[in-house]
Every structure is written in structure tokens, then in C-alpha cells.
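Chain lettering (A, B and C) follows the sequence in which the chains are written, and residue indices restart at 1 in each chain.
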Amino acid sequence: MTKRTIIPFGPQHPVLPEPIHLDLVLEDELVVEAIPSIGFIHRGLEKLVEKKDFIDFVYVAERICGICSFIHGLTYCIAVEEIMKIKVPERADYLRTIWSELSRMHSHLLWMGLMADSFGFESLFMHTWRMREKILDIIENTTGGRVIFASAKVGGVRRDIDSATLKSISKSLESYKNELKEITDIFIKDSSVQHRLVGVGVLKKGQAYELGAVGPTLRASGWSIDTRKLGYAAYKNIDFEPVVETSGDSYARCVVRIKELFQSIDIIRQLAGKIPDGPIEIKITGNPDGEFFARTEQPRGEVIYYAKANGTKFLQRLRVRTPTFANIPSLVKMLPGSSLADVPVLVLTIDPCISCTER
Amino acid sequence: MKIFISIIAYITLAPFLGAILAGVDRKITARMQGRVGPPILQPFYDVLKLMEKESLVVRKSQNFYVVFFLIFIIFTGTLFFSGKDLLLVIFALTLAEIFFVLGGYKASSPYSIIGSQRALIQMMAYEPIIILAAVGMYMVTKSFYITDIISYDKPLFYFLPGLLFAFIYILPMKFSKSPFDLAYSHHAHQELVKGMTTEFSGRSLAMIEVAHWYENILMLGFVGLFFANNILIGVALTLSIYFLIIIIDNTFARVKWEMALMSSWIVGLLFGLGNIIFLFFVLR
Amino acid sequence: MSYLKRSPWVIHYDGTSCNGCDIEVLASLAPRYDLERLGVINTGNPKHADIFLITGSMNDQNREVVQNIYEQMPDPKVVVAIGICATSGGIFSECYNVLGGVNKVLPVDIYVPGCAARPESIIDGVEKALKILEDKKHKLVAMGLGTEILAIEPANIEDAAEILALQKLAYQSEAELYNDFAFPPLMQTLSELKEDFKTIIFFKAVMNGIIIGSVRGYVKDDTCYIYRRIVHPIYQNLGIGKKLMNEIEFHFGFASRFEVFTGHKSKRNINFYERLGYRMFKCEKVNDKRHRVYMEKFADRI
């Protein structure tokens, strides 16, 4: 009978950017059981709809998570707009999509840096975040904020991007692609990185579907499911296919995110080319009455916003189902049987955003 | 008299040299990552600051082991630089490491215990190669005494290229750098928090840092034995090997312990033992 | 010369933060902003850290974690609250699960505003924290912590004069807060104080033979009333107030309820008592300038 030790992993741990607690039962560096304990970030913000009116609430929705912030705001706006049966102007749709893709890029770059750091490759972490600063520059140029954009609002967007800026963004992204390729090649081809990622945390195709995984976690196991294909905002006007890999291990999830990075650059350039002129917002009158399910694709997967309104300026109920919440069963399935050195890699491979999960 | 001077020189100068090398390492690493980096004298500031902090311990006895670790590293270094028996140096170094590992066990937190276990695994990986290096040097110079080894008329790496390669392969383990920084890493984001040094703070952490400086100079001295016949070229080549280790640190991820152990045994067998067997036949 | 300013090691923890401020903290260590040039290392280990960077507000589940991390850090140490959520709860301060900013749980030295706080502000906050860190070190050296023990003992009537002098000095800042200098602690005479010694228990904090702190209390109907907790202005914020409170609460351990009071504007005192487990239950008007806030604690919460 080998000796069992229990290691408390988190909530404060250098590898974890957010507090989550796992009691890892180990037998000689092999994880036998992982007992999670959550609730450190629960704020209870869904109840704030009763105190902040539906137009102001978009600022709270944006702050559910600082990394996927824009798309949270966007989905909330879509939910309320569909209840009120408002159609936002086309230019606003295009702008929203551009910011969503920029958001996706900075989130994937952030994830790549944290992943490199978790397996001890600090240089790669620094270089990836250095590349990410350039995307943040574009975002700051167009919205004024690096992390929380405050651009989406019910009825459209708050700021416009003029065509000269759009052209320069398009151009700079083209040259950016080559620099980015140098760094992503390390993730894909370097042998020590592969040693840490290949074969770690395998999720077979059937398992991924049954456990309810979403986003890159699902697409790396062979399913071609991407909520952007629903055609919300300006996605109906562009050409793209979901990125799919079949091996279902951490390496595949990494490759999916890297390919999505390049796909986003492509999408932004397509949008910058096609964007129509016109107004960027539409005036809101009256209060919402009704209910709607809005679904969009965040960098981590599909997010669902259920909003119910009853004719007053406060929404009656808002319920958010975030992608990390759907991916956690997959994490709990992958942990037993792995070694201690793999635990940070596994926790990061589903791209956890605990503040989204616990709201 | 000469021995007395070299002992005093080692005890007083080695920590300074070690600290400056550590500072240069951090500066070069930062520049490779596109950052500015700390000033080169930063390790001095770190240790002086640690001396000013409160010392919190889990058990009083854990500091006792760290003191012995420092004393034995200094003892080993003085043995080496005053030209004594190489085998004694190797085993005294092992003894010093064991004191450090025991300190980790005594602190008895889950992270420091696993850190100590991994340090012992690393010891299993590199000790054979260090001993093989001493054996190889004996076969060429017919002596284990360092004074005889450095006064040999040809540079040793002509005869021991395989052993030199194997030695450089395990150097990252002794310097706690990627790809083999399993037990204790200078970088923050490691699954074992700070490994063996997790439960040390204040003065004892400062002592561990100073002991590592002494140890680094000792290891570089060992590498220098391969090029010892010309002092200037020897020092230049040793420093370039140190620079190579820094580059390797920045271009590899950390590997898992099974890989570290297996790969160093395979490299040790192929290059180290192979070198020795080859020499055995050539020198007949 | 203190080397704390040259080599501050930080530890970062996320309270209920949305992650925005956390990624800006990590971005401060990344190439463009590079905190390492100031000697800052992000250690993940509280035992090695000097500066505690907290983002996000406090809720019931993480208050113990945060206190645990704070207590594991060796002295001297500073706490930097980053972002508006850590300062006051931010946009979430009305949520049911949010207790408020970090100062409900720990003594905060620097507040960095912003939502999300920019790396430039964070670096500025860390720089200012370095000055405070050095300051604390000088005070600790002056207190001889580690080489001399700070003694908390019961005081007797010979100490009355010294305690009264300390009382008048320490309450100056409270009087300034309310602009009311006719305030009982400043008006008490020596004979009144000596009279108090007959019925009230006094404790004093002594170092190098000098009294630098004091507290007093009495028990009536199973409730212990504690008041006039004073610490010399130079030695404030070093944990002496807490030691005095622990001593007197232990002494009166047989009581089942403890009561303290303080002025309604004295936010630091209110937060201090909240950290010790007291909760407000009454607020009374004393005169036009001041209201008094009463706080209580039940014995099972110690």
C-alpha cells in the first residue's frame, strides 16, 4: 500500500492566476483523486439586475470577467435587443465583430503565455505577452481601454473607428502575422514543449460530447461546433470554418487556439474591407418585455445569456451560463491518473476563467 | 603558504564572483526576453534584504541543516581550490547537498518534501556522470589530485570529449535551470511553489542563496578542469559554457522527472562510459 | 541603509477580482513594463514576499485565505490594494456576497484606483509601497523586534501619569478628525484617572522601559467593556493595538460578550474592530460634531 499524501493546490498558488482549490490525493507524484472546492470569486452579480437598470447593467456584465469582457457585454446587449426587437445598424454589427475578434486574439495570446509559464518556459511567456501588447495597443487606440472596453451598449456601439484607422489596423496585422508565426512555431514544433503537451489529458470524441465540453476543448476532440456559425453580429457576412483537431490531448487544444489566432487576423481583415458606412447606434425607447436566450462564442467556448424582462426598466432575471462552467466536468475527468507535474498544464488546458464560472 | 592563500581567496572572493555571475545571468536572461532586467548587483541586494527580514520557521531544527549545508559547501570549495583529492571533493559535495535535502524534509510541508524527493532523484541522475568524469581524469593523468590534474601538459578535453558533453548535459541540474529545474527553480511559476526552499525565510534563505553562489563557482571550477593547462583559455571557455547554459535555460521547457533521469543515464552511458571504454583501449 | 527598497519581492492574490487587474499585474512583469528592473520578483510563496498585491474584493470564503497569507509573510510587509474592487468593492459593492474592500480584512497601506488599474498605476503603487516598507523597517529596528520583546502587562497606579500623557498625545488625531477638542479623553485629569484605577483594569505595552500603548476595560453584567485603546503615534500600524486587545480579551475571557465604541468617522478603528470579529449594533449622537458607533462581539467568535 503506497503512501498517500494530500497536497492542497490553491487557492493561492504561483501557477494559478485565479483562486480555485483542489485537494490532490497523490501516491508518489501520481494523482489519484482531485477534490475541488470553489466559491472564492462568487460575488452574486446576477441579482444586481434588480438594482441597476437594463441600460446600465452592460457595465456590470462586462466586468464578469476581464479577459472575455467585451463578448460578455456584447451578448448581454444582443439578449436585450432581441427582447425589444431592435435591429442595430450594420456598421455597429461589423464594429462589434471586429472588437470580438480582437478580444479573442488577446485572450488566446494570454492563455499561450500562461501555458508556457506553467511548464517552466518563462522566456516564451515573456515573448508571447510582448506580442500581446501590440494587440492591446490596437484595442486601446480604438476604445480607450486595455482590458475593459466599454464599447458595446444596448442599441449599438459607443465609438466609431474611422476608415483610415481600419486600413492601418489591417496593414499592421499583416506584418504582425510573421512575427507571430515565429512564436507559435515554438509551441507547435519544439520538442520540449511537445514532451509536456502531447498525450497529456486526452479527451476522446465521445467523452468530450457527453461531458458537455464547449469551445476549443470540444473542437480539439474532433467536433466541428462553433457558435459563431449561428451568424450573430456580422459573422453571417464572412467566410470561415471552425478549426478542428482530432487527437484530443493538450497539444491539440493548443494547436486549435493557435490556428484560431490566425483565423481571427483573417476575419478582421475581411471585415475591415467590407464594412459599410452608416450610423453606429439606434435610439432606445421604452422598456423590454419578454425573454430571450442569446448565445455567442467566447474565446473559451459558448456562452448563454438568458434574460427575462417584465416591462419595467429593471430586468426580472438574468442567468449566465459561461463556457468554463461547461468545461469543468472535463477537467475533473482528466485529473485522476495524471502526474503532479501535469496538474498545472491540465488546469490551464481548458482555459479556466473562474470569475466567469462563479460570477 | 600557497594553499593558505588559495583557501582565503576562495572563502572571500567566491561569493562575490558567484553573485556577479548570478546577476549577469539575470540580466542576459532579461535581455533575451525583450526586457531591461535588474541591475547586475541585484543578487547582493536580495541577500542583504533577506538578512533584514524576520525569520519564520516550521521547526527550529530546519535552520540547523541549512547552516551545515553552507559550511560543507565552503569546505568542499576550499578542498577543490587548494588542489586536494578530487574524489573527496565529489563526496563532500554530495554530503553538503544531502544536508540541504534534509532541511527540506525537516520543514515537513508537502511542497518541500516533494521538492526534496525530486532533488534526490536529480542526484541519482548526475552523480554517476560526475564520478565518471573523475575516473576519466584519473585514467589520463594517473592521479586523483587536482594539482596533478591541472598541471598535465595537454588539455584534458582532447581525451575526454564525450565526458565533457555528458558533464555539460547535467550542468543545468546543478545550476537549477531549465530543462532540469525540478527541485528548486529560480522562476516563480512552478507547481511546487518554491520546492525545497518553500518553508525558509529571512536569514536561512539568505544562507541558501550564498551557498548556491559558492557552489556555482565550484561547479565552474570543475568544468575548468577540462581545459586547465592554459589558465586564460580555460577561464574563457568555462565562461562560454556558462553562457551556453543560460541560452539553454531560455530555450527549453522544464521536463518531467522520468525524462530527466532516463535521458541523463542514457547520455551518461553512451558518451561518458563510452569515452572511458575507448580510453581504456587507447591508453593500453 | 535598508535594502528593502532595492529588492522587493511581491506575492499576488486574486480576491473576487474579474481578472482585469490581475492580468494588468502580470503585464507589469512582462516585457513592456518590466517590474524586474526595480528588483521585483513575483514569488508565489508568502514566506518569501514583502509586498502583498491584492486585487478584487473580499467575501466570506476568501477572508480567511487572505488573512492566512498575510500572517505567513515575515515582517516588515506592506499591502497594496489594486483596483477599485479592492478599495471598496467597486461596482459589486452592493452584491449580497461581497463584504467590501480589502481593508475589511487587512490593514491596507496603498490603494491603487482604476478599473482595470493600468500597469503604470500599479508600478507607481509599488514604488510608493517601497517607501512605506522602508519606513516600517526603521520603526521595527527602533522597536528592536526580534532582539527585544515587547511586553504587555497589567498597569498599576504609578503608571497613571505616563498613561495620561500618552492618552493626550494619541487622541490628538481623533480630535482633529471631528474638530472637537473638548473631547473626554483629552479632558480627563490625573486625579480622575487615578480614581479609575480602583475599578477598571489597565494594560500597558512596554518597550525599553517606556510605555508606548495602553488599553482599559471592566466587566458589568457578563459584558466586558473595552475602551481607550491607545498607541504612541510613531509605533502605530505595527500590530501593538491588536496585541493589547488580545491580552485584555484573554484576561476577561469569562465574559460572554465584549463591547467597544469609537467615533463614526474613525474608519480605521471601525475596520480594525471588524477584523477582530466585532460587529456594529448601535449608533448614538453624542453632540453636533460626533456620533458614537458601538460594536459588539460574542465570546464564541474569539
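The rule is simple: a contact is a pair of C-beta atoms (placed from the backbone, for glycine too) under 8 Å apart; a residue touches a chain by one contact, two chains touch by 3 or more.
Everything numeric in this text was worked out from a predicted model, so none of it was measured.
Chain centres computed from CA atoms place B at the largest separation from subunit C.
A comparison of the A-C and B-C interfaces places the larger number of contacting C-beta pairs at A-C. For this pair, subunit B with subunit C, the centres built from the Cα atoms lie 45 Å apart. A straight line joining the Cα centres of subunit A and subunit C is 39 Å long. Residues of subunit C in contact with at least two other chains: 30-31, 42-45.
Among all residues of subunit A, those that touch two or more other chains are 13-15, 125-127, 130.
Within subunit B, contacts with two or more other chains are made by residues 33-35, 188-190, 193.
The touching residues of subunit C, counted against subunit B in their complex, run 2-4, 6-7, 30-31, 34, 36-39, 41-45, 47-48, 50, 72, 74-76, 137, 145-146. Remark: subunit B residues 26, 30, 33-39, 42, 45-46, 48-49, 52-56, 188-190, 193-194, 197-202, 205 touch subunit C in the complex.
Contact residues of subunit C toward subunit A in the complex are 11, 13-24, 26-27, 30-32, 42-46, 56-57, 59, 61-62, 65, 69, 90-92, 94-98, 115-116, 118. Residues of subunit B touching subunit A in their complex: 29, 32-35, 110-111, 113-114, 178-179, 181, 185, 187-191, 193, 250-257, 259. The residues of subunit A lying in touch with subunit C in their complex are 11-15, 17-19, 39-45, 47-48, 51, 59-60, 63-67, 69, 110, 113, 125-127, 129-130, 132-133, 145-148, 353, 355.
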